[in-house]
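Quick heads-up: structures coming right below.
Next come two complexes, and both contain chain A; in the first it sits with chain B, in the second with chain C.
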Partner chain A sequence: MFKRKKKKDLASARPSGFADIWFRFRKNKLALAGLITVIIIALFAIFADVLADYDAMAIDQHPEIRLQGPSGEHILGTDGYGRDMFARIVHGSRYSLTFALACTAISLIGGTLVGATAAYVGGAVDSVIMRVLDAFHCMPAMLLTISLSSALGVGLKSIIIALSISGIPGYARIVRSVMLTISQQEYIEAAKACGFGSLRIIVGHMVPNAISILIVNAMMSMAGLIMSAASLSYIGMGIQAPAPEWGAMLQEGQTYMREHFSMVLIPGLAIVITALSFNLLGDGLSEALDPRMKD
Partner chain B sequence: MSFLDIRDLTVVYTNGRETVHALNDFSLRLERGKTLGLVGETGAGKTTAALSIMRLLPERTGRVLGGSVTFDGADLRSLKEEEMRVVRGGKISMIFQDPMTSLNPVLTVGEQIFETLELHNIENRSHQQLWERVDEMLALVGIPPERKKDYPHQFSGGMKQRVVIAIALACSPQLLIADEPTTALDVTIQAQVLAMMDELKQKLDMSMIMITHDLGIVAQTCDDVAVVYAGEIIESGSFEDFFMQDKRRHPYTRGLFGSIPNIDSRERRLTPIEGLMPDPTNLPEGCRFHPRCPDCTERCRTERPTAHERGGHVIRCHLFEKEGE
Partner chain C sequence: MWKYVLRRLLVMIPIIFLVIFIVFFIMNITPGDPVQMILGNDPPQQAVEDLRRELGLDQPFFVRFFNYIKNALKLDFGLSYRSRRPVFEGIWPKFPTTLLLAVLTVTVSTVLGVILGIISAVKEYSAVDVTLTFTSLIFASVPGFWLCLMLIIVFSLKLHLLPSSGVGSIRHFILPVLASAIPSAAYLARITRTQMLEVMRQEYIRTARAKGATEKRVIFKHALKNALMPIITIAGTSFAAALGGSMITERIFGLPGIGNYILTSVQAKDVPVVMGSTIFLSVIFMVMMLLVDLAYAYINPTLRSRFSRK
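On to the complex of A and B.
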């Protein structure tokens, strides 16, 4: 009787599901900080229009108030054309996040489809798919982007296409190797012995086992993609002026760097903080999402 | 016809270079409500036999060359894949060797029992009724139903095996194939799990094939026994044929019993069977056991013995040819 009771208490002491994940995630303070920052940045992006009018504050030039320091009216000061820096940073987050999310989603879905097909079908199909992906992998992402931009014209669309394509081989590889490992597990054989069909086993048993790895990789690649977007805009291959993209702002600020260092510092910090937060979030999730991790 | 009737089943594994003869003219019979112990060394073909019944042999390498498997009047080998899926888990369940790895780590144990029930939901029960059944199954194997929300890693080995058994029995199968269900467990838990399986078998009135290499387990749980050697049944009979007499035995079975310590005798050393099981890629001519057999004759080297039966006790050995007539 006593034994039973003890087991019951233990069971109720251990939270499960989302509560369980949150319980483990909460312990990692850095990851928590990352999550909060990501949420704040996302809120900035969602409510950008409420915080600052796009045309009036981020685009229209006001030469009379150019290069002002921080003040009550312009929290982060103004740039070389008299545009409000805060408004530009806030609207810039829209570009960075949209871009990173779109690329991650496209390469995640594409990579999962390709990788799962390779792992499940196997044989010659597997070899062909993997060799084609190898060929893609050999081409540097930046080079692909630059050539695609020249072909399709400079703009958000071409860099999203280019960076999504270069992201696919990575995800495909991860998905394929994870799926191959999982398909060898005894619980998959046990599921077959219970009478489940192939599709059900892949979707219901194999993908859930792979999903935590995919989420973590997606978070990590978000960080990388934000950097890539900024670098491309910095060299003028990405989003074009006068749009308030962080990398482009960094490039514009360069001219005034000696007298007004805040003009490079602010977009630079925005890029670093966003990328870092996604990294920390990914790190924390990788620990929290694994149900085998004990306390 | 018996409830489960396997006749002359021949299975090979090929990898392009060599062919492993896993089962050779494997024949087996099991009656309703009985437990059959399938005994043999590692690599004798016990698990292959189980997987062939379930039609779960590795697709790329395993091949059935001939023979028949009849279960409850249905020829399992000729069923379509969709029909076979209804049999798997619904009519025939299988328990795998290692409970540590046969549960999916990212699904709660409740979900795992539930989805099997949902898959074989012939009576069209509602979700609520199915969840009640999950509680019922957990209680049946001695796990508090509140723990259905826990993940497999939160259970001990013995409890995981109970969960595996709960999944296997959830749909009230007519036949349970247990592939060394207690090998991964320590002896006390092993006794508990075996006693529980036996009790459940009585309660649910099913047949069971107990695959093991432990004669102790056979003595404890089985009605019938079959000994597998190099992919064929060399001796089969009732529990009494094996454990109550020691005159009429295949030389290999005699060797097996000779390897068990006897509490009454004061012998210092056990007498193991000399040699190793033959390489299944290169089986010996004649009787498969002849290179290790103490009673080997010239005939054994060249001619494959047939099965000789007396009162349900079947032995595949030339020594017993005359008495059968």
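On to the complex of A and C.
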């Protein structure tokens, strides 16, 4: 009975790959909600100019309509300079998504290079790289980012570099340990026994197996990056006002928080919703990509 | 055991040097001329040259670096650009505030997190469990500084219950501690829940139950003891992180701790202070992590026996 059931399951099992992952991902409703929210935020960022004109609504000041509550014309109200909150939130999503994507990509590439070098070369090189990574690990992360961004100056580019550099040691550690684990797996031995070359083993077997772990970590780190970037801007070391960055908006809105707490509520909720969606998406992906969860 | 301690201490030495090098390098590329900062605009030529020599700026990078290390080992991190007083004198008096904040934060978050985690695990899939799990998921996505602002709005501005900034009484610490402790309690609750659930599935739990132990005894005597291992590591790490990571919290609540001091110094480009405090905090972080590992090795019988046999 058990055996037959197993066979039937195998017959109905989807081919391993994208469809298989999607099948498992779809079952997790929270993760699905996270994915949909991320897509909506991405659409907001892409079509920000269509939804609200940047200069006219998010930057130009209109003192006569300052600090208004939500209305048909301004669905989230206006801020202390009479700028439309909705327009600023929508344009702010561009900053947050840019930080998340750019920093993750740079950290991932940098971390993979460093970690793979350590794992592949081994010996003294590995020891030196590991000690340097340990040293980075000992410095409080936020402090490292703040010192880096003060060294690089304010602006979009320097925040991206500062956050990316802070992210490299983490990925390097993961890549190194994953590479070392994978290289000892039996399927790598089997591939070697089949007479495959190093390139085929690395590209065809090691990378695909390492990549799922990296994707999950990248997704999880996006939420953290969005929050760190907002914190940097909030303390005045990132994107500067009047740019509609969410952290910078919180810094400005703080002045009015006694009477108009929506000034600090709305940008904060934007950060929380975005970070939460990425966390849910990451959680779901880690379940969907983890082969042990296969049923 | 002592061999393990000694080995760990020896490993720390090169890492401390590397930390100093990284910090020194970052600060070296930071724009801004210290001479101009101290003397202001248009100082006399002679004064500029004297000061450059005094600060050692006329020497090459590595000479300055080795001089810095030599002095740093004696806790001499140079003079602050702003006050012209030794950096360490500025840092040390601010340490108790940061330490108190970290101790309170970790105590509150560990107690809260472990209790909620146990409840969650024991009543798996109950309404309490689902609520706790979802809440901890949300708090993982709330930026610390925004939580500070929200607490101020609710407890200071609306309810007028607690002061929003300053020091003086323990009441001034309630909001900062809550702001730092809630997210980490949420995280700890999640870990405790997973750990407890894993331990509860072990065979020795079944054995304990089969022997007729009460549910209370099974949970607290058998399961919790084993589940606590990784929790100790996390609590230790979060204590170390609280020491270095409460900059923005200290800033928002106006607490005169090291974090607040660093932020002001970064913004004033007071390089020696930033360097000194970063190194100070990193070394404390390292010592904390070492203590956590030692505590772990001490508690964990398998690790202890491995090192005592050698």
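In this section, the second predicted complex is superposed on the first by the 277 of 295 C-alpha atoms of A that agree within 3 Å, B and C clash if a C-alpha of one lies under 4 Å from a C-alpha of the other, contacts with A are read in each partner's own complex, and residues count from 1 in each chain.
By our rule, contacts are C-beta pairs under 8 Å (C-beta built on N, C-alpha and C of every residue); 3 or more make two chains touch, one makes a residue touch a chain.
What you see is a predicted model; the values in this text were computed from it and never measured.
Undergrad: May I ask you to decide whether A:143 touches chain B, chain C, both, or neither, giving the answer as first, second, both or neither?
TA: A:143 contacts chain C only, not chain B.
Undergrad: Quick one: classify A:189 as touching chain B (first), chain C (second), both or neither.
TA: A:189: touches chain B, not chain C.
Undergrad: Which partner chains sit in contact with A:234 here, chain B, chain C, both or neither? Use first/second/both/neither.
TA: In the superposition, A:234 contacts chain C only.
Undergrad: With the two complexes superposed on chain A, say which partner A:155 touches: chain B (first), chain C (second), both, or neither.
TA: In the superposed model, A:155 contacts neither chain B nor chain C.
Undergrad: Should A:223 be classified as contacting the first partner (chain B), the second (chain C), both, or neither?
TA: second
Undergrad: Check the contacts made with chain A and report whether chain B or chain C touches more of its residues.
TA: Chain A has more residues touched by C than by the other partner.
Undergrad: Kindly classify A:204 by the partners it touches after superposition: chain B alone (first), chain C alone (second), both, or neither?
TA: A:204: touches chain B, not chain C.
Undergrad: Who does A:132 touch here: chain B (first), chain C (second), both, or neither?
TA: second
Undergrad: Show which residues of chain C lie in contact with chain A when the two form their complex.
TA: Listed in rising order, the residues of chain C that touch chain A are 14-15, 18-19, 21-23, 26-27, 29-31, 137-138, 140-146, 149-150, 152-153, 157, 241, 243-245, 247-248, 251, 262-263, 266-267, 269, 274, 278, 281-282, 285-286, 289.
Undergrad: Quick one: in the complex, what on chain A touches chain B?
TA: Within the complex, chain A contacts chain B at residues 4, 7-8, 11-12, 14, 16-17, 122, 185-187, 189-197, 200, 204-205, 208-209, 212, 291-292, 294.
Undergrad: Quick one: in the complex, what on chain A touches chain C?
TA: Per the stated touch rule, the residues are 131-132, 134-136, 138-143, 146-148, 150-151, 153, 223, 227, 230-231, 234-237, 250, 254, 257-258, 261, 264-265, 268, 271-272, 275-276, 278-280, 283.
Undergrad: Once bound in the complex, which stretches of chain B touch chain A?
TA: Touching chain A from chain B are residues 54, 56, 60, 85-90, 93-94, 96-98, 101-108, 115-116, 119-120, 144, 146-147, 149-151, 153-154, 164, 167.
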